[in-house]
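Look at the two complexes coming up: chain A is in both, with chain B in one and chain C in the other.
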Partner chain A sequence: MSFFLSYLILSAIFAILALSTNLLVGLVGIFSVSQAAIFGVGAYIVAGLTMHSVMPFLPALVVAMAVCAVLNVLLALPSLRVAGDYFVVTSFGSQLVATALFINLVFLTGGASGLSGIPAPEILCWKAVLPWQIAILSIAALAFVSLMFWLMMRSPFGKLINAVRLDENAVRAAGKGVRSTKLVVAAISGTFAAIAGGLYGVHLSYIDPVSFDIHVSILILAMMVFGGARTLAGSILGPLVLLALPQLLNLIQLPSTSIGPVRQLIYGLLLVLFMLFRPQGLLGKKI
Partner chain B sequence: MAGFLLQLLADGLVTGIGIGLVAISFTLYYATTGTFHVAHAGLYTLGAYMAWWLTTMSVPFALACIAAAAICLLAGLLVQVLVYDRLDRTDASPLAKLIASLGVLYVLQNLVAILFSPDLLQFPTAWRGGVIQLGEVYLSYAQLVVAGSGLVIFAALMAFTRLTMAGTRIRAVASNPFLAEITQLRPHRVYLMVMAIASAIVAVAGAAIGFDQAIQPYTGILVLLVATIAVIAGGIGSITGAFVISIFLSVLQNATLVVLPGRWSIALTFALFIAFIVIRPRGLFAHR
Partner chain C sequence: MTDDTHLEVRDVDLNFGGLKALDDCSFTARKGLVTCLAGPNGAGKTTIFNVITGFLKPGSGTICFRGEAIDALSPKERVARGIARTFQDLRLFTEMSVSDNVVIYVPDDSGSGPLAALVRPFAAARSLRAKREKAVAVLERVGLGHKVDAPVTSLSYGQQKLLCIARVLATGAEMLLLDEPTSGLSQSALHEMVAAVERLKADGHTLLIVEHNTRVVTRIADEIVFLHRGHAIRQGAPEVILSDPELERIYFGGVVEPAA
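Let's turn to the complex of A and B:
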């Protein structure tokens, strides 16, 4: 039972991350392999603030959301100035630098061994200690993020975002800001990643740099690609299926050193095959 | 102290020549096709493992290198035909191509992790540890292999693109693929050719750098990152620029080891890159 709850919680967390990536990659077409870095910053901030009793969970999460929004905007800034391909390099670079920081800023992050003993989240007088309580919290967070995503897509701003992706010049000619639109989307994407990060820390009560490295960024990207770009349902379906995959792999007997690589091999295959045969993913639109 | 610094600079120079090979092969493919071929890092890794595997079966290292280059050449052609060409036909966006390329990278690096080992591996060849002394600097035979193969391949590629008909065709397609199409230069064939050349070169780079240091399935992307930074800073399409900046970056990384612990070197290179693209996005050696 607790295993199933853990799967549910992780699916909700990764669905939030997939939506965050969907905003950048699917909606405005900014390639990103640094979402795990933002996710990590959110997790470390919430963990650090609550562990040292600076503030309770919710205010800590708000701080993390603000920091991650700013950080994601900073990371997206080069994409406004340089052509798409250059931004690939900055995105990879940001992710690798973030991992280096997570490992080396030992006084903040606990280094490679990470932070353990992250306290259970306390919201007003309700304390989420048991797995099912964390599950409710995660699903509520996913519902909130999904609602935001849905409302945004239906709003005039959502139309503007689509227009930016399709034809930047037309948007400029209509007197709307292309840059400001992209930056606002990046900021919202950052807050989503921060929420996921905060939840991840309290769910496992332990975080380390490996949870936020480049492979996690690729996993999130694969989830989004699997479900499909620019859809809410796709970003929820992707994590549900891809997180069930390791359990299916347990059915065939693999040597323990191959489990990680086999999983990543499958994610890589999914990325290639979907781009070749179904670029819209299962439920989405063409990327 | 002076000897120590000199040694660091020499090591940086050698590694830089190795990374330079990755950079020149990447820029050859990227400038010609416009595809940001992230999977190049996967072919780098594949080349290193193929050479290692053959060497463990007591094939001489030079022969293993050539075989690895041939294997990667074929693998590169497969990627071109099965993935990139197909995506071109379906009019895929650059983003879709990039994601597919990333997928290929993941397939390749995890394939070698499964087939061989996810851990660090050393080449078994006995002579690679031998050392020669040049003044205060010591260079291992493995480092000589990296520097020697790097300089020879760089010179050969320069001669090929400048002096041969095929090289001229590559440059024609690179500068204007549409015009090349209507003048029957057949860009598609040129794409296959640059993929073959780039893959063979990067396989040798992977094998040589792995021979000197060690091989590991997931380090290719880090090497490619430094290489692409050199490509961009050198000006897209400039083979000399990519090669020279690779060496410069690597020497700089090693020189800063005197004042800064090695774990910050990625951050430093990357900060330099950000500063660079903000100040001079067209590159130092750009001629377009």
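Let's turn to the complex of A and C:
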């Protein structure tokens, strides 16, 4: 049972990340591969602040959201000057720098061995200790993020986000700000990633730099592509399916040393097949 | 510069590397009139559009709108001041519906921003509804009222060009810059476009139009500015400009090398 709950919690967390990435990559068209770095910063801030009893979970999460919003705006700044493929390289660099910092800022992050003993989240007088309580918290967070995503997409601002991806010059000619739109989206995407980070830490009560490296960025992108870019449902379905995959692999008797590589192989194969035969993903709008 | 000058381009220079795209270019557009930009390919017509709308920064010179220099303004601010433009290559949002293409061009209100979307969803919904109503009204004025919910890709080329007119109209700008509104149109689409442009003029818009079709120019232009090698060599009434043999030579033969 607790295994199922853990799957549910991780799916909710990764769905929040996929929505964050969907905004940035799918909708406004900033092709970032550094979302795991923002996820990590959120996780370390919440863990650090609650472990040292600086503040309880909820205020710590708000601090993380603010910091990640600003950080994601800073990381998105180069996208105002370099477009498309070139920005991928820039953001790849940001991700590598972040991982190096997570490993080396030992006094903040615990270095390669990470932070353990992250306290259970306490919200007002409710303490989420048991797995089902964390599951409720995660699903509530996903519901909140989904609501924000949905509200935004059906607003005039949501239309503007799509327009910026489709033709920046036509948006300028409309008298609308391209830069401001991109940066606001980056900020909102950053707050979503921070929420996911905070939850990830309290769920496992342990975090280390490997949880926030480039592979995780790619995994989040894969989830978004698999589920379907630019849709709410796609970003929720993608993590549910891709996180179930390793468990299905457990059913086939594979030696434990080859499970990891086989999983990567299948993720890679899935990405290639989807790009070839269904680029819009399972539920996505046609690209 | 006379009292009814709406837009003044004064001594504008612009170089692309070694190429002089605009060379001491000066002309005016008068309020409520149609000014056509003519000249051979590469004369700098679209370039001057880009300078007027702030997409390109000139090396030197000044653009004045309603008597005020607007050189320091961004494209966004120039639209707010009342200058809107279309593009020769249309630049429609191809994945969107016809009405959404126009909605993007309707000026924002207090419910249009990101904050309203998240914390005042009803205000955002009202804003979107108001923008859509405005878009539909504008689409009806250019004759696309029956295509409001259609995808852009289902429109004919002529309808797509009318949609571009609807978009600039939606900005509420007084001065409209139209880049080759009739190029590539069939005869019937051309008539519709000319009628649409005449309606814009009747509504009091000041129009600056890049146009190649001399019959269209004769019909709609109040003044013609003739550009050659980035310089406005003549400005005047259509009958004067179109009957000038020197301009005709430049237009048709000025840049053609004799056959070997």
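The criterion applied here is as follows: the second predicted complex is superposed on the first by the 286 of 287 C-alpha atoms of A that agree within 3 Å, B and C clash if a C-alpha of one lies under 4 Å from a C-alpha of the other, contacts with A are read in each partner's own complex, and residues count from 1 in each chain.
Just so it is clear, contacts are C-beta pairs under 8 Å (C-beta built on N, C-alpha and C of every residue); 3 or more make two chains touch, one makes a residue touch a chain.
Because the structure is a prediction, the values reported are computed rather than measured.
Peer 1: Regarding the shared-chain residue A:A112, is it in contact with chain B (first), chain C (second), both, or neither?
Peer 2: neither
Peer 1: Check whether A:I218 is in contact with chain B, with chain C, with both or with neither, and answer first, second, both or neither.
Peer 2: first
Peer 1: Pick one for A:L74: touches chain B only (first), chain C only (second), both, or neither.
Peer 2: neither
Peer 1: Specify the partner with more touching residues on chain A, choosing between chain B and chain C.
Peer 2: Counting residues of chain A touched by each partner, the higher count goes to B.
Peer 1: Tell me which partner A:A173 touches in the superposition: chain B (first), chain C (second), both or neither.
Peer 2: second
Peer 1: Given the touch rule stated above, what does A:I123 touch, chain B (first), chain C (second), both, or neither?
Peer 2: It touches nothing on chain B or chain C.
Peer 1: Touch check for A:L160: first (chain B), second (chain C), both, or neither?
Peer 2: second
Peer 1: Tell me which partner A:S258 touches in the superposition: chain B (first), chain C (second), both or neither.
Peer 2: first
Peer 1: In their shared complex, at which residues does chain B touch chain A?
Peer 2: That would be residues 30, 36, 38, 83, 86-87, 90, 92-100, 102-107, 110-111, 113-114, 117-118, 217, 221-222, 225, 228-229, 232, 263-264, 266-267, 270, 273-274, 277-278, 281 of chain B.
Peer 1: Going by the contact rule at the top, pick out the chain C residues touching chain A in the complex.
Peer 2: Spelled out, the residues of chain C in touch with chain A are 53, 55, 75-76, 78-80, 84-87, 91-96, 100, 103-105, 107-108, 111-114, 116-118, 121, 124-125, 127-128, 131, 167-168, 171.
Peer 1: For the complex, give me every residue of chain A touching chain B.
Peer 2: 25, 29, 31, 33, 78, 81-82, 84-86, 88-90, 92-94, 96-97, 100-101, 103-104, 214, 218, 221, 225, 257-258, 260-262, 264-265, 267-273, 275-276, 279, 286-287
Peer 1: In the complex formed with chain C, which residues of chain A make contact?
Peer 2: 148, 151-152, 154-160, 162-163, 166-167, 169-177, 184, 188, 285
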